[in-house]
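The two complexes that follow have chain A in common; it is paired with chain B in the first and with chain C in the second.
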Partner chain A sequence: MTKRLLITAALAATLAGPALANSLVAPGPVPRIARSTLSAVPGTEWNRLSARGGKNVEIWTLDGDELNKVTFYGGVLVGDTLFRAADRKNAPLPKVTPNMLITDIPALLESSYRSQYNTTQMSIDSQEPTLVAGHKGIKFTYSFVRQDDELQRKGEAVGAFVGDRLYLVSYEAPAIHFFDKDVASFRQLATTLKF
Partner chain B sequence: MRFARLALLLAAAAGPAAAKSPPPLPTYTPAYEPSTVDERGLWGEADEEERKLRDSPLVVRDETVNAYVRRVFCTTVGQDRCKPVRIYVVEVPRFNAMMAPNGMMVVWSGLLLRARSEAELGAVLGHEFAHFELRHGLAAFKRARNISDALSWIGVAGGLSGVNTFGLQWALIGSFYRFNRDQERQADELGLKYLAASPYPAGAMPELWTHVMAEDDATKVARGRKPRQHYSAGFFDTHPTDLDRAVTLTKLAAKYGDSGDAAFAGHRTGVTPVLPMLLADQIKLNDFGGTDYILGQLAQSSGWTSDLLFARAELYRARGNPRDLVTAAGFYGDAIRAGCTAPEARRGLGLSLMRSGLASDGRTALAEYLQLKPDAADAKAIQALLAN
Partner chain C sequence: MKMIAFLRAAIVAAAMLVSAPVLAQEKTGLKPGFALAPNARIVLMRPSIKVGAQSTGGMFEPNADWTAQARDNIGKALQSTQVRLGNRVTPYDDAAGNDPVLLGQYQNLFKTLAGSVIEFQFFPGNRLPTKVRKGKFNWSIGQEVTRLPGLAGADYALFINTEDHYGSAGRKALQIFGAMAGVGIKSGLHIGYAGLIDLKTGELVWLNADQQMGGDVRDAVGATKRVNQLLEGFPAASTAVASAR
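Our next item is the complex of A and B:
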């Protein structure tokens, strides 16, 4: 009986802990996103997840990160990885290297996903130049299938190098219904980014 | 030094080769049906998994490759044994194959890249089939039931807390198909018998195993770790210690003393339609040492073809140290001179040169890329690089 209680308590702690720490992002200016100089002005409410995934990573969602997710990578330094490796010993992640070009940003994201999430099917579908917070950067779209749920997901992202730091903001959602439903909110958000 | 010791061990294990008649195979029971409650449950679960897998986007549908894998499997275990088996090649760039108790075989695409000959591919498929024929799945199932219970809880907790549980799930799913060491030895022995009775040489099995060990070493060395600390990584950790296994297999193979054509060229032809996919998937794994080792092995078999040179260039460019970019540019050039017609070779060359500070040469190569592939997905981004 005691053992059962302990298990229930442990499970409850696991489930409840992070959920309580999520917070609401109100419309209007939001400074210091991802513990960096990154800021944005969302037009609608978002939820900031407490789960970060890395020291310069912040995740926002509308309906849950499996359904729509905006990930901010705020100034990843040369020599650092995009996010924290789940298994640094056996599956280390690729690092930001010097003199990277804008076309290396989608390749870095793809390789990181393949290493971390065993994403074996991923493609970068379009790449075009864009201005991100006034800096020359790239806008790209991608699609991928994770092995755990085999759901087709789509992504859209903008990124740029500023000095020796990489700023990247991505939006991901299932290709069916969810991507199209919220992509406009992301695009609005992307136009307000400042580094 | 390590390899010298390994070579000595393997040579000692092999001893003098003596040609003998192939060993007798156990009597095969066609159209086997599960006979107990546990076994019927096990088959039911496997049937459900197979229904899902059949429609999975991860399944490689290329007819030529599927026909090739089936031909090698049938040549290895014989026509009567191979007929009822359904083979699914899935796009997972790691070394593995598994066989479910209901006769479904899953072959990971990484195996096709690592096997260097039909015989080496047949060795793995035969080993997995041996587990099936020896009904090893039934014993594992009783353990797996408990693991499945744990799995459902982990999925719930992970989903809500935003933690990626994939690695954990996969590890557990992997253990669903794990067998104990005795069962692995039995499967090794029966697998070798299949090979010995087939046109392929039984020696292919220890050879493949040696390469798997060497690739693991190469991966570790490139990541600044000590090689051969524990060969029991990932899915292989319930298998017999790899070195022990290679030595035992070599001894057994020598006992059968069979010869035969390992069919290196046949394997190259068989995987040709998916080779660019296999190489691209491997390069993006961020495993420089292991990937360079695999490319070297492929080149030993076929020479440095334009495909392999291009892949090696991509590998170096992905690592992206200043020296890597210079090396990559060299390999792209070699690939183009060796007849690589993929526009992406020009793209890689141009990007490597630009990152190395040779902007005008880089622009020339990128302009050639756009000329060859004006509607490329990244055409606009490349144009922006040209304009800068």
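Our next item is the complex of A and C:
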């Protein structure tokens, strides 16, 4: 976070370019999320961040993505990673493989986080089969501590494979206050997903 | 992580440049209409202090001795400043059956909250649409903060966070060579946040944050300068309340 803010401040003083502001997500149907066929019908307002993190990634938040974050992974193809690797050479990310099962989705997220965020404390706390947008999928909960801010966070996600694409939507927030504050809005959102 | 941070920051910075007519980053936020009651009781949470060296490559290398010196110096400077704040300020009682793990998590959460305020409030072009509409300064750490032992009877909690990375000899040499080659390389990072939490609501009512703090916290004079800078704009009862930005 510290480094991110410093870089932000430094670049703000030197760059010029087109407008890329965060945008409002109003309640109601939202098509083409994460540049994909993924759609949802949120019941409450969210903010869509201009920053992404991957070609099929879109992030919604209410108080900033460090405090609450819904991440849409919209149809990640076999052979691709969930998100863009920060250091492909020294910390490569696992890829979606053709023989992957829905029960492998939590482990894929976990190993991706361990590599990308130097997360040493992460656990999948529960997982159960569920229907996601009418497809056989998985719902799971997890918790983790990132090395950079040492803050305990909780997460909840639903995922499914449709053909050779992985669709995954997760919600994460600090365990104190923030997770409980908005998890109901995420759960409502998750029931409206369509691929 | 570094690349993600860089790319993300580049996008954010580009956005800010166009949507904000004035690019200056704000450093202080105050909840609109907030005024500190003259007899308000403020608990000064144990400051989170990190001091170390910045390696040639820019990595942070913690230094326990410097951190201990800074903790001592900043503690004394805060003690002498409490009178100036004009309110009943008491240090957080670390003993007496308190919960150090929960306290540590709140300190981490405050730092993260402050970081979000800086990123999404103090850079006007990067604000979140729902936040802008709901109020000019609408941030909270959560009402559950009252669960922290040691806060009974208090009205506000004052959180302080400082982080200093002093450029190593190698980093400074790199900075000189970079300058000769026309490449700007920064040596040293000195950031600090101070924030006031309303213990009835969990709302952040005031935040002062600067990523280019002055004062060498390893000596007493520098620590006093740092504390004064951290508390700039503190909404003391005797101070006129400025309008929220």
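Note that the second predicted complex is superposed on the first by the 176 of 195 C-alpha atoms of A that agree within 3 Å, B and C clash if a C-alpha of one lies under 4 Å from a C-alpha of the other, contacts with A are read in each partner's own complex, and residues count from 1 in each chain.
The working rule: a contact is a pair of C-beta atoms (placed from the backbone, for glycine too) under 8 Å apart; a residue touches a chain by one contact, two chains touch by 3 or more.
Quantities reported herein were computed from a predicted structural model and do not represent experimental measurements.
When the two structures are aligned on the shared chain, A:102 is found in touch with chain B, with no touch to chain C. In the superposed model, A:194 lies in contact with neither chain B nor chain C. In the overlay built on the shared chain, the residue A:125 is in contact with chain B alone; chain C does not reach it. In the superposition on chain A, A:117 contacts both chain B and chain C.
Once the two complexes are overlaid on the shared chain, A:23 sits against chain C while remaining clear of chain B. By the document's definition of touching, of the two partners only chain B reaches A:94; chain C does not.
Judged by the touch definition given at the top, the superposed model places A:150 against both chain B and chain C.
Of the two partner chains placed around the shared chain by superposition, neither chain B nor chain C is touched by A:135. Residue contacts after overlaying the shared chain place A:35 against neither chain B nor chain C. Comparing which residues of chain A touch chain B with which touch chain C, the overlap comprises 11, 14-15, 17-19, 51, 66, 86-87, 116-118, 148, 150, 152.
Across the complex, chain B is touched by residues 11, 14-15, 17-19, 49, 51, 59, 65-66, 86-87, 89-94, 97-104, 107, 110-112, 114-118, 120-121, 124-129, 136, 138, 140, 145-148, 150, 152 of chain A. Remark: chain C residues 1-19, 23, 25, 104-106, 108-109, 111-113, 115-116, 118-120, 123, 125-131, 139-145, 163, 186, 189, 191, 202, 211 touch chain A in the complex. Per the touch definition, chain B reaches chain A in the complex via residues 56-58, 91-93, 153, 156-157, 159-167, 169-170, 223, 225, 233-234, 281, 284-286, 318-322, 351, 354-355, 357, 377-378, 380-385, 388. Across the complex, chain C is touched by residues 1-24, 45-47, 50-51, 53, 61-64, 66-67, 84, 86-87, 116-118, 148-152, 174-178, 181 of chain A.
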